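Accompanying notes for the structure given below.
Naming follows writing order (A, B and C), and every chain is counted from residue 1.
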Amino acid sequence: MNILEMNHIHKSFGSLEVIKDISLSVAEGEILSIIGPSGSGKSTILRCATMLETINGGEIIYMGEKAAYTDSSGSVIYAKGDKAKKINSNFGLVFQSFNLFPHYSVMKNITDAPIHVQKRNKTDVFNQARELLEKMGLLDKADYYPCQLSGGQQQRVSIARALCMNPKILFFDEPTSALDPELTLEILKVIRDLAKEHMTMVIVTHEMNFAKEVSNRIIFMENGVIVEETTPDKMFNSNNERTKAFLGKYHNMG
Amino acid sequence: MSFSTMLMQLSSGMVKTTGIFFWTIILSLPLGLFVSFGRMSKNPVLKNIVKIYISLMRGTPLMLQLMMVYYFPYLLFGMNIRTFRFPAIIIGFTINYAAYFAEIFRSGIESMPVGQYEAAKLLGYSKSQTFIKIILPQVIKRILPSITNEVITLVKDTSLAFSLAYMEMFTVAKQIVAKDATFTPFIVAAVFYYVFNFVVAFVMEHFEKKLSYYR
Amino acid sequence: MKKYVAILAAVCLAFGVSACGSSSSSSASGSAAASASASASSSASSSGETETSEGERTTFVVGFDAEYPPYGYMDDNGEYTGFDLELAQAVCDIEGWELVKTPINWDSKDMELNSGSIDCIWNGFTMNGREDDYTFSIPYVDNSQVIVVSEDSGINSLEDLSGKIVGVQAASAALTLLQSDEEGGQKALADTFASLQEFPDYNSAFVELQAGSIDAVAMDIGVANYQLKTRGEGYKILDEALNTEQYAVGFKKGNTELCDIVNKDLEELTNNGTVAELAEKYDISDLVCLEAE
């Protein structure tokens, strides 16, 4: 069963069309990477999938339930109220800039929403948070505040925060772009570990080698359209001129 | 008049001054927050009404506003305003200070990075939860220095209640000065305002320190 | 954090309640400040009745400038007193009213009177030139507007004021007089001054006179006498007065019913010697113009 299906998505900012009729789906346990040059729309499609942007056309379906669809008159209808809440609980998002809550400790950042939004048992939540922090190697930082942590540590906390909500799918929006190379490795290791546990993930990234290594499938986007969608091996041996041009730039850089 | 009698008289004024101060703070801070919501509203009618209100409050003298509030019920409806002196002062100060506080709240709220709202939305917080738990605490930390400024100004502005002949400390001091032809009551008044503000600054600094555990 | 909020809230409540309490308890102590604030609310019980028959009146609210000795001011014990206020008390004693002394901001006296905040202005209130705006009682003091200068100023007559800076209280009778070009007005004299400087109160004017930033102050003779007595040596009153005029109690225009009662009582108080007694007490015997029949 597909966890996420996005069909014929259109998105414009004013007169600028940034997503042009994109369709994609993510199956359970699958890891999908989205690559492409800046301004190709790869972050925007993620923001559409997580309802941070409203689409101008198409449909978004989580676990078979329609989060958004286009009606016969062409206007987009979003799910509302409890249905929307239920749909939104399917996914989590890790931001490029972490967006931790600076006035909350690490522990409270992770546990506040599960306790006060999901109304889960406090003890359970704290136990889960401790497990997650241990996995992130941050158990000793539970009482720290975000400003006392390095960027890599903050990003690991934000991953733990997203995971503590028990999402069925986790989105990463360029999770390492704000980090130094060595801190990047910390994050990539965490994502690699999640992959081993068959966490369903969609990763927008500039780390080509990482995408190649960790993904089941890669989408290459340019100018708001999907240029190529295939397995990592095929992608990196593509005959498509644009794909080759894009990946070539990275190879030359490396 | 003996010095002790003078102090007695002035201290009864101090109690009233302090009363104006605390009533104004208690009422104008929450009102200011709601006014700032109106100021940031997407509804153009509400937004413009609030803009005009803020502009009037900031653009005309507080003393004039106090007199307008006091005489308003009489001028418009011919009502008897005999019992209205104290309420008029509190209303006058509150609507004036709410306007200033609203602009401070607005600057704080608008300075919050959009990422905080997005993170809260992704975690499923409702709009009111997001505001109360995530945004407001950070806004308060950001605007505390500006609030301190206004609060200190308010302590001194309470003396404008003399224009409605309310027996706060400055009015009493003026009357004793008129009778005794000496400046001593003014000096006592100055010391009182200074000490009051010293305490205000101390308390506010304490709050700032309490909130300095994060950046 | 929570603890401090709680403490702050407690303090707020304590002060807030006490401030509210003192302004709403009409049975507050005799202290002037308390009675003044009480005036705002003690009249709560009667405010609704002021427009009805005078027979039902229980309080008599006198508006006065508490910075205007010897007619209305704060005494050594912090109580409001003065010739006018004691006279008003005597009227209340006859009528069985409760006297409520309400200090007002002199600039706002018309508003206070018209809006019903006070029943009358009784505080060295010059009637001349204001007859059309108020209903006045019979005059009780012959006042004159005089000029106070420093003794060593070399100013001895009104002519010497030419080119000088003269101070005057805002909204006072002296100011009206110096701005009036009607019969008896002194605008022509004022035009010879270098400037006419308005002050909110006499204290500021005297400080400036002492400091030399103004040369003379125009004021009522009764006030001038009091100020010279309080401030001691160094000042003098010019022999030549600007005018003579009368003090009376000012009521809202058309309120003749209340005015008549006060007039009748003033006559009675004159005849039984109370007025003369009070005049002596406040050292204004030469000025009082009420004479026993």
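Heads up, the rule we're going with is that contacts are C-beta pairs under 8 Å (C-beta built on N, C-alpha and C of every residue); 3 or more make two chains touch, one makes a residue touch a chain.
Since the structure is predicted, the reported quantities are computational estimates derived from the model, not experimental observations.
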item: Chain contact topology (line, ring, star, complete or other); value: line
item: Innermost chain by mean C-alpha position; value: B
item: Pair of chains joined by the greatest number of C-beta pairs in contact; value: B-C
item: Gap in Å, rounded to a whole number, between the CA centres of chain C and chain B; value: 32
item: Whole-Å separation of chain centres (CA-atom averages), chain A against chain C; value: 78
item: Where chain A and chain B are represented by their mean Cα positions, the distance between them in whole Å; value: 46
item: Complex contacts: residues of chain A adjacent to chain B; value: 50-52, 85, 88-89, 92-93, 95, 97, 99-103, 112-113, 116-118, 145-147, 158, 161-162, 165
item: Sites on chain B touched by chain A in the complex; value: 113, 115-116, 118-125, 129, 133-134, 137-138, 141, 213-215
item: Contact set on chain C toward chain B in their complex; value: 1, 4, 8, 11-12, 15-16, 18-20, 22-23, 31-34, 36-37, 40-41, 43-44, 47-48, 50, 61, 66-69, 73-78, 102-105, 107-108, 111, 114-117, 201-203, 206, 227, 230-231
item: Residues of chain B defined as touching chain C within the complex; value: 1-2, 5-6, 8-9, 12-13, 15-16, 18-23, 25-26, 67, 71, 74-75, 79-86, 162-167, 171-172, 174-181, 203, 206-207, 210
